[in-house]
Amino acid sequence: MIFYPVLFALIATMALALARALLGPSLYDRVLAVNMFGTKTVLFLAVTAFMLGRPDFLDLALAYAAINFIGVLAVLQFFQSREIRQRYERQGR
Amino acid sequence: MTLIFGVFLLILLVIVALAIVRSEDLFAAVMLSGIFSLLMAVNFFLLDAADVALTEAAVGAGVATVLFLGALALTGKEEARHTVSPGGRWLALGVSFATASLLFYASLENPHIGDGSAPVHQHVAPWYLANTLPLIDIPNVVTAVLGSFRGFDTLGEVFVVFTAGIGVMSILGVRHSLVELSGAELDARQRSLRHHLIPRIVGRGMVPLIMLFALYVQFHGEYSPGGGFQAGAIAAAAIILYSLLEGDDRGRELLPEWLLRLMVAGGALLYGGVGLACVLLGGNFLDYSVLATVPSAGQHLGLLLIELGVGITVTGVLISVFHAFARRASR
Amino acid sequence: MAILAYFNYWVFAVLLVIGLYAVIAKTNLVKQLIGLSIFQGAVFLLYISMNKVEGGTAPIFLNGNTERIFSNPLPQVLILTAIVVGIATTALGLAVVVRIREEYGSVEEDDIKAQDVGS
Amino acid sequence: MASVIDMISFALLAAGGFCVFVGGVGVLRLPDLYTRMHAASITDTAGPLLVLAGLALQAGWSLALFKLAVILVFLAVTAPTAAYALGNAALVSGYRPAVVSDESGATDSEGEGHA
Amino acid sequence: MSIEDHLPALQIVVPLLLAPVVTLLRVRSLPWAASTATSALTFVLAIALAGQVATDGALSYAVGGWQPPYGIELAIDQFSVLLLLIISGASTVALVFGKASLDREIGEERAPLFFAAWLLVLAALCGMVTTGDAFNLFVFLEISSLASYVLIAAGPDRRALMATHRYIILGTLGATFYLIGVGLIYMMTGTLNLADMALRIGEVSELRPVLVAAGFITMGLALKAAMFPVHAWMPNAYAFAPHAVSVFLAACATKAALYVLIRFDFVVFLPHLAEHAAQVSAFFIPLAVVAFLVGSTVAVFERNLKRMLGYSSVAQIGYILLGVALLTPLALTGAIVHLFNHALIKGALFMAVVCIAHRTGSVQLPAIAGCARAMPLTMAAFVVAGLSMIGVPLTVGFVSKWYLIQACLEFGVPGYFLAAALLLSSLLAVVYVWKVVEAAYFKPRPEEAPELCEAPPMILASLWLVTLANLWFGIDSSLPLGLARAASMTLLGEAP
């Protein structure tokens, strides 16, 4: 029972982050929302693992934390390569 | 109570899916499909599928997002204004409506979710649950079924990955001379995130940790969620992280192409070789029991080797695919 | 409770249809692939939904404890394979789309068709 | 004794949940990217700290405790890094803060602040 | 246990495991040689397996030593042996035949990857026709699809890429539909083994998920088999693929999907679902008729020879479907024989077209004008194979059409209409074959066109090997007929 409030809070926050991801408006807002969604998922999984009585499943939360970080850096690199491409294309025209 | 959380998450899932289809910005769609995978994975976890949740997170949210971004960097991120052809829309609506009504029609006579007396829980599956410990002697039933009882499927799975790997290499391996970037641009591009000091230092600390975790997932897969495929995806993610931070060229120095090719082929061969070794030792194909004097020890050895094969091939393929896209970008 | 008993299957149907719609109706090739991955994701949900047993736990014995109720391992194994198939298809599809973009300068289906008719 | 630990754990979890939720509201309601990042940071620092501490009390001395600690370290290290990366990317690409307090103290609450 | 006991597994595993080996061979034409040798070895294994089946009857092999339904079973009977022979034979011939054109189209750098993909298609098709497990079937279906995307995308024309994309989308939709169907059946029966499924589906045959599952599986496999309304991916995919790939895939890829459809329908659904027989007939007979009429008509107006043959395949798949849908032993025998015969016919036709393309550099109708004078042997082979497709006596096409028409006539007046439609479609085949013959024999070679000469000897030899097989099995059709008869008896559940 002690896990319910925090789980509800996490789900609500996930929904809020999702709303931000849908609304945008800028790309960066979406990335922010996705990153936040990811960290909340990590917490959600950690809490659920305890709620289900299987703390050995914390591995999942760990994996998410790592993947989430890589995802954000991939996005950053994507922005950068896009910037360069656009600058290049502007020069080319 | 878990069910209620599940319902919430499923509703979010539908909202995300709708948003993905409606969004005209492909970048936003890719970001949202990352969320889609995460939500899907959480649902899997609530439905007691820990292994699947781990895979979906590593693959769907991690690898797929990186691949889509790599492709978007090459194809442009905007969708054209009129994205739906009028004829196509009606056809799509018709087909979709027909499919949906069929499935709704069918669903009302499905066994209830969580019903322990459903046929799926009465036949075959109880045998796996009852016989994994006596026959194979490992606690993770999913790994036992995956590696041994249905090991032939998993051999196929490795070859699916292998096919995708050689496919991407073959399709993107063609030389082309569309855009030749000037020296300075190329340099800036290849430097990648090298001039971002904070991510770089943190990331460099993370890479070995993630690698270590991948090894844990690989070799602990018989006792907890995980196994070769998940470990391969996580290890590939670590190398991809390194490539993102230090530039694709350094990433390729770390694992040169010949080594990657060897990994791609070697893992698949290791799996198949174990199967053939079983034949030579007098068992059926993939019957690991003959690998050691005690059948369960043979099963252990076989599972260890094939999981290793899966891990090696998956790592090799995912990194090669990433490089194939990244190299296009840097030309 | 009756709603909950089938809820996952309905969500499966809805997701499937959303993905199918995107695949058929959208003209952007990347978008079609995104739709395709939603479409495949829906099927994962179908399989995993049927593996759950009420009050059960994931089929991994904790400290050799086999007394609890365990959910069904088989659909999980199948979906592990299906996820791999999905990412493999996506990777190949994206590679083809990248090449199409290089050859045609566009990833819009009607654009490409127009060019092919012209040539 | 166990119930005392449970109560502390409950309090920590609830507090963590509150922090996270507040951050979530902030991310939705605040006017521009930089203020939103500000709000998001609380869900990335205080939130995980409290929630994972609450879980740690549940876990006791076990492997799970170690894993919780690793998760906390992961989040504590990667969240600021991601925030830096994001803020940097946004700023470099010319995305300017929308909330600029000028002489009259009036604020511009338009969300789209592309310069 | 001796090695013969492991033939069912080796049949799949040998080409499968040699694929990674081939990717590592980076010396000139070694990948080609290795894959041709592997393919030939697979053919030999198929023959050995056919011998075993002929003496011992149907075989079952438990992979991993786990008995079905807990483990995966390979189940081999006359029908699967027939398919194995077609697949491995077509692959070998196409490789030998296609060396020159592949060398030109693929290039040295990509060759190891390309030939590995080829072996994967071969192994996966063998897997599809031998496995006795519904999910394992899906895995092999996907390997074969993914690998054939790679093969088709290697086509030299940029339109090959669009064709591949189309194929990826439709192929994945098809495979996923199949997966949904299997999931629903699994949900109701708890098993994935086809034989076990057939035993257990009777109890739940009235329930909606099973009926819907039958629909999804049929739809999914129809997409893969390029059946009429959902054939859109096929003509372009075959037209723009590298030439040797067209020969290989046209001869056997859609056949394997059709095989799976027939197997699933006859083993799992027909004996146990009450309305299924009527539904199959009501649904497939009209589709089949429309398929062969539309396919032939489009082929008549098509000017790209490879696309023309692609549409002709749509029509031929219609014939097979008609035989299946009539549900009598005679019709089913005709359909199964036509599976075999069509592989020979289409193989020979595609090979002849490729020979012409090899010399003229084009597969458009005007480009071949007057080429018969310079390439008499090639065009003669085309004529023989064309006659075979029309169904002239003493060719294989005649045998299967004879059976199909006889089966139609068993049904009285509606059967007459079916037979008439079949004959009409054959007349259309006369028209499009004649178009090519007319262009090649009776149109003068344009002045400015380059000089032509006969195709290289190795290519010509393999072309004529297949062409003579068309005649041989048309005169003495006991081998395919025997297998087909036994297969149709087993499928219809009657003692042979």
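Observations
Letters A, B, C, D and E mark the chains as written, and numbering starts fresh at 1 in each.
Just so we're on the same page, contacts are C-beta pairs under 8 Å (C-beta built on N, C-alpha and C of every residue); 3 or more make two chains touch, one makes a residue touch a chain.
The UniProt protein names, listed by chain, are A = Multiple resistance and pH regulation protein F; D = Na(+) H(+) antiporter subunit G.
Owing to the predicted nature of the structure, the values given are computational and were not obtained by experimental measurement.
The minimum number of touch steps linking subunit A to subunit E comes to 2.
Between A-C and B-D, more C-beta contact pairs are found at B-D.
Comparing mean CA positions across the assembly, the chain most remote from subunit E is D. On a Cα centroid basis, the chain most remote from subunit C in this structure is D. Averaged C-alpha coordinates give centres for subunit B and subunit E that are 31 Å from one another.
Note: centroid distance subunit D to subunit E, computed from Cα atoms, is 58 Å. With centres set at the average Cα position, the gap from subunit C to subunit E is 28 Å.
Counting only residues that touch two or more partner chains, subunit E has 135, 139, 142, 146, 149-150, 153, 184, 186-187, 192. Shared interface positions of subunit A, defined as residues touching 2 or more other chains, are 7, 14-15, 31, 33, 52, 54, 56-57, 59, 62, 66, 68-69, 73, 76, 80. Counting partner chains per residue, subunit D shows two or more touched chains at residues 74, 78, 81, 85, 88.
Contact between chains, per the stated criterion, is found for A-B, A-C, A-D, B-C, B-D, B-E, C-E.
Contact residues on subunit B toward subunit D in their complex (touch as defined above): 196, 198-199, 202-203, 205-206, 209.
The touching residues of subunit E, counted against subunit C in their complex, run 135, 138-139, 142, 146, 149-150, 153, 158-159, 161-162, 164-165, 168-169, 172-173, 175-176, 179-180, 183-184, 186-187, 192. Contact residues of subunit B toward subunit A in the complex are 1-2, 5, 8-9, 12, 15-16, 19, 25, 27-28, 31-32, 34-35, 38, 41-42, 45-46, 50, 53-54, 57-58, 61-62, 65-66, 69-70, 72-73, 77, 179, 181-182, 185, 188-189, 192-193, 196, 199, 203, 206, 209-210, 213, 216-217, 224-226, 230, 234, 237-238, 240-241, 244-245, 329.
Partner subunit A is touched in their complex by these residues of subunit D: 6, 9-10, 13-14, 16-18, 20-21, 23-25, 27-28, 33, 36-37, 40, 43-44, 47-48, 51-52, 54-55, 58-59, 62-64, 67-68, 70-71, 74-75, 78-79, 81-82, 85-86, 88-90, 92-93, 95, 111-112, 114.
On the side of subunit C, the complex with subunit E involves touching residues 16, 20, 23, 29, 32, 36, 39-40, 43, 46-47, 50, 74-75, 78, 81-82, 85, 88-89, 92-93, 96-97, 99-100, 103-104, 112, 116.
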